[in-house]
Amino acid sequence: MAESRFGMTELDDLPEDLRQRISEVAQKSGFVPNIFRALGRRPAELRAFLDYHDALMDRSDGLSKAERELVVVATSGANHCTYCVVAHGAILRIRAKDRLIADQVATNPWHAHLDERRRAIVDLALALARTPELFGEADLAKARGAGLSDDEIWDVGSITALFAASNRLAHLMALQPNVEFYTMGRQPRD
Amino acid sequence: MAESRFGMTELDDLPEDLRQRISEVAQKSGFVPNIFRALGRRPAELRAFLDYHDALMDRSDGLSKAERELVVVATSGANHCTYCVVAHGAILRIRAKDRLIADQVATNPWHAHLDERRRAIVDLALALARTPELFGEADLAKARGAGLSDDEIWDVGSITALFAASNRLAHLMALQPNVEFYTMGRQPRD
Amino acid sequence: MAESRFGMTELDDLPEDLRQRISEVAQKSGFVPNIFRALGRRPAELRAFLDYHDALMDRSDGLSKAERELVVVATSGANHCTYCVVAHGAILRIRAKDRLIADQVATNPWHAHLDERRRAIVDLALALARTPELFGEADLAKARGAGLSDDEIWDVGSITALFAASNRLAHLMALQPNVEFYTMGRQPRD
Amino acid sequence: MAESRFGMTELDDLPEDLRQRISEVAQKSGFVPNIFRALGRRPAELRAFLDYHDALMDRSDGLSKAERELVVVATSGANHCTYCVVAHGAILRIRAKDRLIADQVATNPWHAHLDERRRAIVDLALALARTPELFGEADLAKARGAGLSDDEIWDVGSITALFAASNRLAHLMALQPNVEFYTMGRQPRD
Amino acid sequence: MAESRFGMTELDDLPEDLRQRISEVAQKSGFVPNIFRALGRRPAELRAFLDYHDALMDRSDGLSKAERELVVVATSGANHCTYCVVAHGAILRIRAKDRLIADQVATNPWHAHLDERRRAIVDLALALARTPELFGEADLAKARGAGLSDDEIWDVGSITALFAASNRLAHLMALQPNVEFYTMGRQPRD
Amino acid sequence: MAESRFGMTELDDLPEDLRQRISEVAQKSGFVPNIFRALGRRPAELRAFLDYHDALMDRSDGLSKAERELVVVATSGANHCTYCVVAHGAILRIRAKDRLIADQVATNPWHAHLDERRRAIVDLALALARTPELFGEADLAKARGAGLSDDEIWDVGSITALFAASNRLAHLMALQPNVEFYTMGRQPRD
C-alpha cells in the first residue's frame, strides 16, 4: 500500500525553506509525517497549508494546545479520515496527557465523555463539520453559554474548517499515517 | 444585517503586504470582497488563506480558470454557502462567458447540463465535498475515463478541499456577499 | 440543451381556455414561462396544476404575495430545483421589492437572514419539504408562537406540498428556466 | 384523535359539484374518504386536487390502474404517510387482486419482490420521491431498459409528484385513514 | 418467491429441544412462523436467538406485553423490515387489543398518535434504532421524564437492540412473513 | 466516568455457569471485559448473548477468526461504538497479526486498504449495518463474485446483525472499554 496515491516527494527535492521547516519537525518527532512529503508535490500549496496550520495550531492564547488537537480529532473522526485520526490522535494523547481520549473522541465524538468546556468545543466543531448549512445562532449560543469567548469560537470554527480541507486532501490521496503515530502516547509514561 | 458575525477589519488596520494585495484586487473589481476584511481579524490566517487560494486558483496549466471556478460554485452550492455561491458565481459567469451557468450549477450541481469534461470535474468535486469518507478508486476511475490527468484531479480535489474550509468559514461568520457580486456577469455584454 | 426532456407544446396546440390563460400571463411578463408549454403535453394535468397554483398563490387574505413566493423559493432551494429557483426567485425579487433575497433564501434557506415572521414561515416550509415524516406538533407550535394563524399555516403547508410536486415535475423533465427569469428584478429600479 | 388537525367539512357545506362528486365515490366505496372532507376547508383547492388526481389515476392507456396505485403506495411508504399507505394500500390490494402486495411495498418499497416491469416502475418512483435532486438520465435509462414508454415514465413521475404533495398535506393535517381502509381487500374473496 | 434466500429447515431436521419449543408456538398460533425454520439452518444460533427473545419479550414485570411489541413494530418500521412489521404487527394488534395501532406505528413511528407513556417508549426506541451514535443523556432524560424506570429503559433499549439484529437477519434472508400474519387481529372480535 | 450507566455486576453475584464461563475468558485475557459485568444485571440475557456470540465467533469452518473480527470492527466503526471498536480492535490486531488494521478499518471501513476477499466481507457487512432496507441481490452478487460461499455470507450477515445489537447495547449503557484493550496487540511482538 503506497503512502499516497499521488506519490511522495523526497525532502531533497523541496525548496530550502520547506526542507528546513520539515527537518525541524522531524527532529522533534523522530520521523517526517507523511502529509509533508505528500503535499510536497506542490511546494506553494504545502507552504500555505503549513502557514495556515501553524497560525491556528500554535497560537498561545485562548484554546490550549490540547483543546486545539481535540477539535482536530473530533472532526477527523466525524469525517472518517484515517490519516488525521491516527496522526493527530497521537498528538492529542501527548498534549492532553491522556492515553484514552483520542480513541474515544475519534470513534464517537458526539458522546465521548468530556467535561463541559471540552464538550462545548467538540459540539461546536461537529456542528460545522458535517452539516455546515445548518450552523447558526443556536450553536453559537451554546458555545457562549459554556464560557467560550468569541476568539475561542473563531479558533474552534477555523480549525474545523482547516481540517475539513485537510481531511479531504487525505481522502483524495488515500494518505497513510506513519507507523509511528499508531503507538505514540499510548504508554503510561509517554 | 452585519457583513460578518465577527466584524470587519478596516484596510488601514492590516499589515502593509495584505493592504497592498487587497488593494490590487479592489482596483480590478471595483470593491473589496467582504471575505478579505472579515478574515483580516487574523492577518496570519488571511495571508495563508490567500496564498493557498492563489496557488490553486491562479495556476496557468491544467484546468482552465473557468473550470476552477466551476469546482468552487459546485461545491459551494452543495454546501449551501451563500457568500461563495454569490461571489464565485459572479466570477464563474465572467470566466466562462456564460450568464446562466452559475445559477444552474449552484442550484443543482448533480444534474446541471454540462459537457462531458465539465461533468467529470463537477462529479469528482461533489464526491469529495459532502461524503469524503466514501471517496475512492471508482471516483478516480470516472475522472480518468473523462480524460482528466493526475494533475487536474489534484487540482479539482484540492480546490474542493480549500472551499470545504472556505464555505465553513463563511458559515461560521454568516458572511454576506458584497451587493456588487449579485449582478456581475449577468448582462449580455459583460 | 432542450427546455424539457419531454418536449414543448405549441400554444396553438392547446385547448382554447389554456391558450387564453397562458396568453394573459405572457402579456404581463413578456414571455411564456416554460412550465406551461412543458406541461401542455397533458392539458388536463396542466389545467389542474394551474387551478391549484392559482388557488394557493393568488389568495388575497393571510400571507402576502411575497410571503407565498418566499415559501416557493425556500422549498425549491432545499429541493435543488433549478427551474423553480430561477423562475420564482425572479418573482420573489419583484414581489418583495428586494434584489438580494432570492439568492440568499434559495442558497441557504435554513439560515438566510429574515425577520421573525418570515423565518417562521420558511422554517415551517422546510420542516415539511424534506423530511415530512418528522413533521409534527413542535413545528406547529413554533409557527403559532411566531403569530401564524391556522389559515396561514395551511397556506405555508399547502404551497410547500404543491411545490414538492412542482419541483419533482421539473426534475422529471429537466425543465430549463426561460433566460428572462435570470435577470428579472435584479436592477435597482425593477 | 381527530381525523385532521384542521377539522372536517360537512358534505352539506361543500359546493354542489364537489358534493355530487364525493357522493359518487362514497356510493361505490360505502364511505367518504377522510381526505375529501379534510381538504373541503378550501373548495377550490379540493377541486384542483381531485382534477389532478383523476387526470392521472383514471387514465385508460399506458400504466394499468394497479400499477398507478403501486406508485402511490411505494412513494407513500417511502414518505411514511399513514393516510396514503392505508387508503391506497386498500385500493392497491383490490386493483392488483393481491392481498399481500400493499404491506410489502409500503414497508420496504426498495426490495419488495416484484416482476421486472413493476420493479422498474417502483424504482423510478423512489428515485424521484426522496432525493429528486439526484434524479437523472441513469434513472430514465433503467426505466426505458425495462420497456417503459415515455408516456408511462411521465405517468410514474407525475403520480410520484402528485403524491409528494398529497403525502405532505396528510402530514400537515395529521390526517387519519377511515377505519374501513385497514381491512379492505384483505379477505380471500375480496 | 421463496420464504428465505437461504432455504427453510424442516422441523424434523431440528434438534429435539427446538422441535418441541417450536411445536408449542405452532400449536398456539396455528402455524410455524417462518423465522424459526429459516434460522433452523444453524440450530445453535436459533436457540440463542429464541433464548434472548424470550428473556426480553416474556418478562412479567415492567413493560407490558403490548408495550414490548410496540417497541418491535416501531423499530422494525423504522428499519423497513417486512417480516417483523407484518408478524409483530399481528401480535401487537392482539396484545394491545387495537386493530389500527400496528399499521399506524409501523408506517410512521415518529408521529403515530400515542399516549405519553407509549410515545416516550417509542421515542426512546427510535433514538437507538437508526442513529445509535447520537443516543445520549437527553434521550434518557426524556424517558425518565415520562416516568420510565431504569429497568423499563433497559427493556426498551435491549428489545430495540435485539430487533436491530432480527431486522437485519430478515433483510439478509429476504424473509417472507407467513400469510396468516397479514390478517391476524384485524377483525373486531379478534 | 462509570463503566456503564446501569452499573456493573460483581462476578460473585452471577449464576455459577456464567461465573465459570467468564472466569475462563478472564484467565486467558487477564481481565474481565466490561460487557460481561454490564450485561450481568440480567443473567438470562447475558447467557443468550454469549451463546449467540460463541455460536458465530467460534465456528471453525468458513470465515477465519480474523475475518470474523474484521466484520465486528468494520460495523462497530460504522456505528461509532467505542466499546466494540476498542475491545474488538484489540482482538482483531491479535487474530490478524496486524498492528495497524484495526484503527484503519474502524476509522474508515469503506476504504481501508484490504485484499479483495476482505474488502468483499467488509462491503457486505457495511451494506447491512447502516441501511439494511437497501440490502439486496446486488450486495449478494458482489459477495459471491469475490468467492464467498452462502455459509460465509450467512456468517458475515449474522455477525453484522449480532453487533447491530451489541453496538446498541453499548450505546444504551455508555459502556466504557477496559483500559487494557487500548494497547493490546500494538507491540511488534504481541
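By written order: A, B, C, D, E and F. Residues from 1 in each chain.
We take it that a contact is a pair of C-beta atoms (placed from the backbone, for glycine too) under 8 Å apart; a residue touches a chain by one contact, two chains touch by 3 or more.
Bear in mind that the values here come from a model prediction, so they are computed numbers and not experimental data.
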Item to complete: Using the touch definition from the top, list the chains contacting both subunit A and subunit E.
Response: C, F
Response to the item:
When contact pairs are matched by residue number, over half of those of A-F recur among B-D, A-E or B-C in B-C
Response to the item:
Looking at Cα centroids only, farthest away from subunit C lies chain F
Worksheet entry | Rounded Å distance, subunit A centre to subunit C centre (Cα mean) | 43
Worksheet item: Using CA atom averages as chain centres, what separation in Å is found between subunit B and subunit E?
Response: 51
Item to complete: Would you kindly tell me how far, in whole Å, the mean C-alpha position of subunit F lies from that of subunit E?
Response: 23
Worksheet item: Residues of subunit F touching 2+ other chains?
Response: 80-81, 108, 110-111, 133, 135-136, 171, 174
Item to complete: Using the contact definition from the top, classify how the chains connect: line, ring, star, complete or other.
Response: other
Worksheet, complete the sentence: Chain-chain contacts, ordered by label, are A-B, A-C, A-E, A-F, B-C, B-D, B-F, C-D, C-E, D-E, D-F, E-F
Discussion item. Give the list of subunit E residues in touch with subunit F in this complex.
Written reply: 5-6, 41-42, 44-45, 47-49, 51-52, 55-56, 79-81, 128-129, 132-133, 135-136, 140, 150, 153-154, 157-158, 160-162, 164-169, 171-172, 174
Discussion item. Which stretch or stretches of subunit E touch subunit A in the complex?
Written reply: 133-136
Worksheet entry | Residue ranges of subunit B touching subunit D (in the complex, touch as defined) | 108, 110-111
Item to complete: Please give the residue numbers of subunit B that touch subunit C in the complex, ascending.
Response: 1, 77, 80-82, 85-86, 99-100, 103-104, 106-108, 110-113, 171, 174, 176, 179, 182-183, 186-187
